[in-house]
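Encoded as structure tokens, here's the structure I'll be asking about.
Labels for the chains are A, B, C and D, by order of writing; each one numbers its residues from 1.
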Amino acid sequence: MRSVWALAAMAALSVLTASTATLAGEPKQGGILRMYHRDSPANASILEGATYSINIPFMGVFNNLLIYDQHIAQNSPDTLRPDLAESWSWSSDNKKLTFKLRQGVKWHDGKPFTSADVKCSFDLLMGKSQQKLRQNPRKAWYSEVNEVTTNGEFEVTFDLKRPQPSLLAMLASGYTPVYPCHVSPADMRTNPIGTGPFKFVEFKANESIKLTRNPNYWKKGLPHLDGIEYTIITNRSTAILAFVAGKFDMTFPTHITIPLLKDIKSQAPNATCVVEPTNVSTNIIVNSTSAPFDNIDIRRAMALALDRKAFVDILFEGQGDIGGTMLPPPQGLWGMPKDRLETIPGYGRDINANREEARKLMQKAGYGPDKRLAVKVSTRNIAEYRDPAVILIDQLKTIYIDGELDVVETANWFPKVARKDYMLGLNLTGNAVDDPDQSFYENYACGSERNYTNYCNKEIEKLFDVQSQETDIGKRRPLVWDIDKKLQEDVARPIIFHARAGTCWHPHVKGVTIMSNSSYNGFRYEDVWLDK
Amino acid sequence: MAAIDFDVELRRAGAHATGGWRRVLFMAQRHVLGAAGLVIMTLFVLTAIFADVIARYDPLTVDSARALARPSWAHWMGTDSFGRDVFSRIIHGARISLAVGIGSTVLGGTIGVIVGLTSGYLSGWFDLVFQRVSDVLQALPLLVLALVMTAALGPSLPNVIIAIAIPLIPTVARVIRANTLALREQPFVEAAKSIGMSEMRIALRHVLPNTLAPLIVLATAQLGSTILTEASLSFLGLGIPEPYPSWGRMLSESAAEYVRTAPWLVIFPGVAISLAVFGANLFGDALRDILDPRQRG
Amino acid sequence: MADKTDLVLDVKNLKTVFFTNSGLFRAVDDLSFSVRRGETLAIVGESGCGKSVTALSLMRLVPDPPGRIVGGSVALEGTDLLALDEAQMRAVRGNRISMIFQEPMTSLNPVMRIGDQIVEAVRLHRHISAKEAQGIAVEMLRLVRIPEPARRAREYPHQLSGGMRQRAMIAMALACRPALLIADEPTTALDVTIQAQILALILDLQKELGTGLVLITHDLGVVAQTAQRVIVMYAGRKVEEASVEALFAAPKHPYTRGLMASIPAVPASGAAAQARLNEIPGTVPSLVRLPQGCAFAPRCKLAIKRCEAEYPPLADWGGGHLAACWRAEEVAEVA
Amino acid sequence: MFAYLVRRLFLMFVTLFGISIVIFFLLRIVPGNIVDILFAAAGYVDPADKANLEKELGIDRPLIVQYWHWISGFMRGDFGFSYVSEKPALQEILPRIPITAKLAGLALLFSASIGIPLGVISAVKQGTKLDYALRVVSLSGLSLPSFWLGLLILTASVAMFGQMPIFNPNPKTWLEAFATYAVPAAAVGFRSAALTMRITRSSMLEVLRQDYIRTARAKGASEAAVNYHHALKNAILPVITVIGIEAAFLIGGLIVTETVFNIPGVARFLVEAIRWRDYPIVQNLVMFIAVVVVFANFTVDMLYAVFDPRIRYTD
């Protein structure tokens, strides 16, 4: 039943993509795309951030070496397109990746773009350059890169320690723009210079972000828009009311929750709304270094107690996905098939049986109806975090665990997690690209900066490397599934669900495609246009 | 000259209202608004006390099957996005609002009385310091102070109470101080002093009881505004955290998400807050009319 | 009795009551009196006897609620004030009938200049320019013997002493040359040394302007110096009325007698010096629960059974000397 | 007068000094700093990077040094740089002030122009149905959570007109400019109008009991003259004080209203800055607000002297 539905959804999606491409008619030039922004990003430097609050507005300022096709919803190795690199090739041992760069491209300040800029950017990311990024959240992406070398002005080579086909995926992410060598990282935070279709005009914190058309964009005739303006509105209902009232052409991408979609559809029946997975998983970080969750039985019991469908029903009116670490199919490329998924403890359909088993485990650990376990569930003071935590606490009641919500302010969250000052934490993990390397190394590798739980399993880590070097997708996929299953069985970071969210725009907005397995890569907007 | 019905006039003046209940009834008639406020307040307090009995469901139990249900016989005020019964949450929320209202008023009031009495009574350097400190606290906007306080202390019920209570202290203390200063000159205080009563005893036995009326008036007036401050803090994300059914948070979170799709989530907590505050204000007004002799008509 | 046309004020059966939550409060009960042009009538009694309410009733300024004039007539120069509507009454107030209050400290508007307050009184009733009115105001201030009247006119009440303020009040009250001036304890709040000056001023001006004067006081000494006739009130009622001479010579009501006895002895009057002040025992009864008979009976040394049962009528003891006492003849002797 | 002014100015200085200490140390008690937030946005924490950044921003120094650095700069007019935008703090704060000032001014105007007349009417008609109705309305104004009111206004305006008064930084027409400020100002002003009305009413009632009111009546002044000329002139004084104090409290209402109506004024900016632990912004902004409040109180006292001839500052 589910796969039939999924197929239908796929079909519908491909029709939709096709329709935006073919039925849109001849693009019109001009107009300013007005959107709201859900919050005020810390700064404008994509390389220093790890939230699409930065990506979305500033992706259009830059180009990557390569980029995912902006009009195919599902990012995959087949949808990689040249950007600043005209072409790329692997060496025969798959350890050297060479890019031929586009010539005649100019930075917004008029300076020419060369291979030196590419080298600078990746040296910055690998922490090798003189100048440092203030924060470098994705350093781990380049752990297999020995160095980046230039061969003349328009060729660069990535020299790898071992084959890593996924490197291309990471280079194509919206998180990997090429920065100019001649602008300091500090200036990139306040006044970013790129080669992209839009030039940065201004960013007023808590107020607005303005981009204007780059008339010298190297893609002739693009962009269609004269500019993009974001008004920062942190209050969701104010923002949505303003969209409904026509103050904005488009909502902030993936900002509309499923319950709110109905409201928008009833208020603005002509608006187009697209719901896609965001590839952000909601998971539980478990502090296995201290009592009570140092006891694997209690960890397992907790995993068994989860009624994932209830989470999805409540928070997404059924429109969320249940899976492991990797985004489930059909949108996800690497997620486990359903039958495989259901063999993992806690994923089985019979919740009551699971919970019965969980209670047995709890009793084994010395708890019961008369001796309940008191637990603090820490999470950030943001609805997306808080709401699932409330449900989690409610569900844990069934296995003799009394949870108390501990709401933590953003500023204190990571320090608290780093101090291991929590028992259970409800966490959201965004996956920049739908790729196992990104997900596994970033979140589960020993010593990774974003491995909040310090989960460290050398054997699994070996498996990470094996799948990472596999160039054949067909062979790689089962390896990934096995790893994913093991991670869930280890209760390393139990995944509760994968979220979906909606994006809406008024009918005069053309050429927007919302990615279906990432919310970080589809905001170049160079060929978006307004039919007004 | 128009004929005057003495009976009617006297009845209006309350001459017939002698003895317990008739007197109460007459006072209720004279202060209709105050009586209404008292009724609301009483209901509010009773609700808080008997929340467990009145509520029809557990306010914290999540049930996906009945999420966002419209108001019905089963759920008089509908359910929220977690399927929790809004009526039960509002009933239990009365406890929280009452705890915030009374907790912060009593805390701020008590400290305010001690500080105000000491300051008005001792004068000297203590008074000087108090005056400056209260200048400082009063020049900082209340909400900003409460905001920084809750941020500093972390959001929890006791901390919210403390954060709201602190800006209250100078307000109360100033009133008490002014009254104390005036009372110190009164003959009965002079008399007490002349028979060798200790300053402490005079302050507690003679001065404090006489500042009670303005204190009660001030406290009832503050009760309502503390509940509103909690709501504003919730709106700004610093109120009492989930899962406690605080009205302020119920309202501000639903207001953000469901103002249109599930209006009952916005209407009922809003009405509950407004009604409770309205009741406190009505009652406070009437109390002021009755207790504050300067205001008596 | 004087010629009707000579009467400035003729009050008949005035009744003013207060509706309170403890019952009906007969502040003024069936009070009649009259004032002739240029005459001074004193109304005396202890506080709470209804003197001030009488004054306010004449001005129709009894606060309603709780007070209300419920009967009688107040004829000022032949017009029944109680029959006028509010607008007509306003045209009379401050114009034909004026009043000076007890508290000069609080009776002037603190945020208006003295001159402006007088100007307002004038211009409310005379259609003249502000400038002319200002002239009148200064003139009035001069009349009440305020030095440097032009400068004082520009000052605010708080800059004036109590005596000065009362002078200003008098100036304001007389600015329109009223037929009747009511002075409600005009000197009570002032220093003793100032009291005599103010009284003298009022009398002088009364003479000069031919105004009828109702002087309300609790001070029989003041009465003796100023009034031609006296009304003694007790518990809302007139208990005695007589010319000053007649009253002081032979009071016909024990209450009056008592009041006189409580004056510190004035040897010049010929009365025997007393060792100690005589005071009337007890206090004014609650006006709500008045005894059936004479209200003064509970405090009266002469009280007999009849006093408690029946209220004595006002009887004329000759020469317009009225008194309401069953044992009026014995009063002088017993005391 | 001169001695009074000197004393008064000295006390104002002491108060401001106290505020600077309170806000500085209160902020340091709040757990977490800008660096934590930046790393939260980056999704990881690296102790070495964190220490570097703290050093770069100077928040690793002893508190007393940091305080001195700030306050001495503040005195010189050097307000430092925002941690978030890395722009001069003054440049961040200044452009937002006129927005909030306009909003606050309009709200106060609204508050005074509605609150005072209604308060007078309510007092003059004391005990009548009109009085009751006005009191209930004013009490309800004090009972509605202001963000609720704001949201209801927004929702209603979208439902009824398909439009909403969202902030427009460059209004083209007079009407647009009006809508930009008037509706939010009314949402804030409702509460302070209610407060003003209540104060006016009780002040009027107090004054109407005074002897000089009776004197005015005895002169033959009409009810209107008594109420509006004699009474109001006296009753307005406490109202001025309350409006002055209200100006300080308004900032609280503005925080919420600027959030609901998405107005980029200083009030909301302050809350955001607290959230970001942007010390230079919070500290300087709070000081700015405190200066305004302290001077507003001072102005009120001076206004008192203008309106009330009894008051002359000689102390």
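Basically, a residue touches a chain if its C-beta (ideal position, glycine included) is under 8 Å from a C-beta of that chain, and two chains touch if they have at least 3 such contacts.
The structure presented is a predicted model; accordingly, all values stated were derived computationally and were not measured.
Which other chains touch chain A while also touching chain C?
B, D
Across the interfaces C-D and A-D, which one involves more C-beta pairs in contact?
Output for the comparison: A-D.
Hey, which chain is the most central one here, using CA centres?
Given all protein C-alpha atoms shown, the central chain works out to be D.
How far is the middle of chain B from the middle of chain C, if each middle is the mean of its Cα atoms, in Å?
The computed centroid separation for chain B versus chain C comes out at 50 Å.
How many angstrom lie between the centres of chain A and chain D, each centre taken as the mean Cα position?
41
Could you grab the centroid distance between chain B and chain D? Build each centroid from C-alpha atoms only and quote it in angstrom.
That pair's centroid distance is 23 Å.
Which chain B residues touch at least two other chains?
Residues 151, 154, 255, 259-260 of chain B touch two or more partner chains.
Can you pull out the residues of chain D that are in contact with at least two other chains?
31, 151, 155, 259, 275
Which chains touch, pair by pair?
Listed by label, chains in contact pair as A-B, A-D, B-C, B-D, C-D.
Enumerate the contact residues on chain B facing chain D in the complex.
Going through chain B, the ones touching chain D are 32-33, 132-133, 135-144, 147-149, 151-152, 154, 224-225, 228, 231-232, 235-236, 248, 251-252, 255, 259-260, 266, 270, 273-275, 277-278, 281-282, 285, 294-295, 297.
Considering the complex alone, what residue numbers of chain B touch chain C?
Of all residues in chain B, those touching chain C are 1, 4, 6, 9-10, 12-15, 17, 26.
Once bound in the complex, which stretches of chain C touch chain D?
59, 61, 90-95, 98-99, 101, 103, 106-112, 120-121, 124-125, 156, 158, 169, 172-173
In the complex formed with chain B, which residues of chain A make contact?
Touching chain B from chain A are residues 235-237, 257, 259-260, 262-263, 266-267, 309-310, 313-315, 381, 383, 386-387, 389-391, 393-395, 405-407, 409.
Which chain D residues qualify as touching chain C in the complex?
210-212, 214-222, 230, 233-234, 307-310
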